């Protein structure tokens, strides 16, 4: 459903992605692992259109994303949760979750349906629906960002370093939510970047390692015993 | 100073503040959303006035009633927003959002310089005055002092209406919410499907319309001439900075402070009237660096 | 046919012309004027007038056969641009005479520069009386009156037409002209009518867009007379706002520069207010309006610009008249084809010349002696704006302090009898 | 450089620190003593107040109640720069570097700041401490990128340079916020190895916030467990990492 | 606030062939300027005014290096000029050196006082507050007419030079060469200062004040040091301008003049020392000729010129020049990176 063909991208003059070619199939859960600075975030941002491509083509469901302006991409069914949450602090938690629906001009019925689905997956958000988004903790913020991405992300959900900065207990709760998502919709495609692969063990269906702007198939086997 | 004089100074201050506020409103809206301090705002104000004078001069000469100038003011403001605001954002500002603040400011400064000459090329150097609409509304006499209904009643009403309307628009409508979200985080807004480019274009056009409307509303009260925008821009900068950049309600308070400060100065100590806006700005910022209503930016580490 | 004739004549004349080595191809002059900024309400009409005047002179053969070529410098472009361009024109642009300037500040900057560069400079519009009172110049001349003569005429006219007023307030622009003119006016008023009380002095900033607060204050003060020497948009705005709020019904306005705003003010200047023109400048000048040259120029000007001429147009005409008169005089006196710089400067001594108004002459201190015209506004219906009635034209000589005296000191020594000592011509309209 | 703390006065001591943001209590009566010559690790769940504690200790945040003492001197009211001048340096979770300067220049500036600024015409590159700074860069394994501008460097390299900049101040106490986050897991131990060595060599006491229990158990002399704005437990790594509360609240069952 | 160019430690100190081309061009430029009174005497005044303005622009350039932009630096330009004028009025025949020292001293003192206040602010607020201060001073100059001469300003009589009274021509030559000497000395000093630890630390205001604070330094004091330097440079420019013009007016302090200084700094190449002077020269020439040959639209021409520079050559004239002489600035690459790697 998502295909990279010879994609190169750079920030300033520094090349970040070099001739990437790979495919992600529908319903896959792809773990994108690699060290910091390897290009994981850039890869996701390139899909969203925030980093300009120098060469190549990204296909989403067989159609090139090139001509699609960045703000139109979420409308295709792509949800994106950035690494640093980036909630809108002027709004409440629920308003944050609803904003993508406003932007996409979904009708009230459809909006309600999607909101209920989000609350089913992340029930704890129901309780904090009316809290100002600026007032939630970092971990809770990650949950809200996930919920927000799910509003439009009906086909592809991309999560950038979802576990970073989460205490292990909270990280597990987050992983549970992802499993709930998985269970609620078998056809959804997930792309998750992570620098600590152990957190995705047993969850990702496939692993790509990104190193120096190039990808290779990998695995989530522990590289080193840590505890 | 007795009560009569106090009230007179109050009335003068309020009607002056109303006009300044309308202009400052557009400036602070644009800054709040786009983080651009638009020096050309003053030119848009001037052109709004010129267009109003030209249009109402033409239509009134055809025999229309003076109140017909009111719809013409709105038409002029809309023209300024669409015909100037739109292209400025679309052709120039859009290319420099990722550039340093200095360059953004200088681009608007360059536009200001260009528009100053454009005004002179189009309308010449002679001042215009077109006040029939103001005269049509008549006068009121308070304590033996005659005020025009236009300045004493209409302008403050319009200013209040715009303030409430804009607040409602931003907080209660979908477009308003999308603007607020884009204001806070442009890229995050794009990532949830908000077309930030369109939001910016729209916001800038609304800001330009407000500048034009300020000029249109000012036109019956003052001479329209080249250079009128330069003074207004400095004054509305002072209002906006005193209030806190991007603070819409705050701009109303700051405009009142500056308007009242100025009118009281004329009654008490006319020699300092011209200093008042800057003194207020410096004193306020001395105590509250982020402006009266601005909130300090917490530096995260 | 006419062209052929001219060409033939030129061919005939040219060999002789070539013999007179210093006769130039063109007489280059530079003129500083406001093309931008608020004072362009004066500068642009003056430039337009100058173009017409020069064209007229050139079409009649120029100055002793030499056509005049004017280069304009924008006073609105700032002092650096002004001074460097002034120098460039003199030092490498070949300008023989400079006409500078409108702004008194610029006159004070450029007069010493002209003196150092030894270029004849005609101060064609600036009003400050200080220049010749504080310094003496060999190369700098003023082809019109100055603030002293203008203000004394205004005070006298006010006293003659409104002998009984008790209180006065002033609203002047906050810069040298506004302050200086008020100093002269007040000083003269104090000696000529000591019982008048000054109830308010306002100096809103130059270019102020709003006088509402001042007007409220004036309505509370209710002075008999309100003086404003403002001009341009400031005057327009002040008068319009005062008119809108009925202030003009309760006080008599004295507006010594309002002649330049008559057309723009339209119906907002009601009858009964005193209007001056910085000299005897008025498109319906009672002594000149039937003169053929005057009429043809008015027609030319209105055709070219769509406006009626205002006083800077008259000032431009006086400057160019003085220039051509000086050349003609120098050529005649010295019997040369073209005067040297010294001959030209000498010719300016005591020069008599006539522009669109009455004839003028230069005093020994290089100050021009110019008649002053004052009148009272009336909405006669002949024009869509106010015209003047009860016009007085004051002979200029007596309005200036004697040579070597400083205006303010001289005025302090005057008394109530001064008004009666003046030579005044009165006209119904 | 010696950092001996005599007569039993702790190097850094806090008494009853309280700070609240909105409704959240980020520091709840924190009283803590940090002894010289030790490496203290701070662990705890997100939002427990660990970074806030470092912010208070360095004067970045002013406590609403309580005091901070450096070798007995009350530094609660001092701004960060004055605390730094007393020998407390800090490295950050997000590296705080001069992004338009090179790695070496960042260190040179640090050295110049330490030495005071005198001659306005001497080039920064010619200051006496240049060799010393090159050595420090070498120590954190970044000598090869000395002349690269910081924006071009990887997150991991920036973390290391951030620490080196702090070390260049020759502090007595170094506070570090997640020194190995952003460093690839394969290199974390290598980095810590170098770092702990350098600290020992310079005689620097360190406090570091860390999520990686492997790092904590290996490099900390002592561990403080933070929860809900206060120290919940304190002890040796062995004691702490076995503690059931810690396992439940911090480490999580899976890893255990 | 970020800047388009990341400035090298020193404009000239890098080894290699290309900088030497730069050095030669710089030297040639200075010699060419020095020859102006002989080869193009009618340009002398214009160039002198441009040099005076260039020194003021250099002051603005200093602040740009810290990422700060002042829309009120004409304040110091004007203060220095007025100090000179008042001095000459109260001490007729005072010496040129005294006028210059007093003027710059006035600028430094006022820079310190205003600086103590404005260094608490950054970005737009910094710019606006500077604007407010300059407007207050401007209003005072206009308002206290009997002291300051109001809008017409006051004359600055020609001072003596080392005790000698001078004619206009001789005096202008002195001022002209003095301007060139000051340009070279102060330009060199500023370059060295940028490269020095103080100057380098000053420039970190642009990128990370948190780290600065954690190096034990006060960002405000650091900014203040550069602020006073910038005020002093503006003061030198203001004094030279006043001496050249022989008159000072409130227009010296008007906000458009401050904006013009920023304009020239960006035109020349924001942050570049040579750019400040080259920008000022080009600006003055364009402005004079535009106002002479297109009197009605000189603002339009200048505005368009500025737009073209910002949109198509953000490195300013120095950026274009570097491209032309093949001086590939590594810093340019750094800048692009800094720009986008947020």
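Order of writing sets the chain letters: A, B, C, D and E. Residues in each chain are counted from 1.
Going forward, contacts are C-beta pairs under 8 Å (C-beta built on N, C-alpha and C of every residue); 3 or more make two chains touch, one makes a residue touch a chain.
From a predicted model like this one, the values you see are computed outputs, not experimental measurements.
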{"item": "Steps in the shortest chain-to-chain touch route ending at chain C and beginning at chain A", "value": "2"}
{"item": "Centroid comparison with chain B (C-alpha atoms), farthest chain", "value": "D"}
{"item": "Most remote chain, CA-based centroid, reference being chain E", "value": "A"}
{"item": "Chain pair with more C-beta contacts, A-B versus D-E", "value": "D-E"}
{"item": "Gap in Å, rounded to a whole number, between the CA centres of chain D and chain B", "value": "50"}
{"item": "Length of the line joining the C-alpha centres of chain A and chain B, rounded to whole Å", "value": "42"}
{"item": "Distance from the mean Cα position of chain E to that of chain B, given in whole angstrom", "value": "32"}
{"item": "Geometric centre distance via CA averages, chain E-chain C, whole Å", "value": "39"}
{"item": "Per-residue multi-chain contacts in chain B, two or more chains", "value": "117, 120, 271, 274, 301"}
{"item": "In chain D, residues with contacts to at least two other chains", "value": "92, 96, 151-152"}
{"item": "Multi-chain contact sites of chain A, meaning residues that touch two or more partners", "value": "12, 14"}
{"item": "Parts of chain A lying in touch with chain B, wherever the complex brings them together", "value": "48-50, 69-75, 80, 82, 86-91, 95, 99-100, 102-104, 148-149, 151-152"}
{"item": "Parts of chain B lying in touch with chain E, wherever the complex brings them together", "value": "31, 37, 39, 92, 95-96, 98-103, 105-107, 109-114, 116-118, 120-121, 230, 234, 237-238, 241, 245, 271-272, 274-275, 278-279, 281-282, 285-286, 289-290, 299, 301"}
{"item": "Chain E residues touching chain B - in the complex, by the definition given at the top", "value": "1-4, 64, 67, 69, 71, 117, 120-121, 123-125, 127-129, 131-133, 135-136, 139-140, 142-143, 209-210, 255-256, 259, 262-263, 266, 270, 296-300, 302-304, 306-307, 310-311, 314, 339-340"}
{"item": "Interface residues, chain C side, partner chain E - complex", "value": "35-36, 71-74, 77-81, 83-85, 87-88, 91-93, 103-105, 108-109, 112-113, 116, 128, 174-176, 179, 203, 205-206"}
{"item": "List of chain D residues in touch with chain E within their complex", "value": "58, 79-82, 84-85, 89-90, 92, 96-101, 105, 108-110, 112-114, 117, 119-125, 127, 149, 151-152, 165-166, 169"}
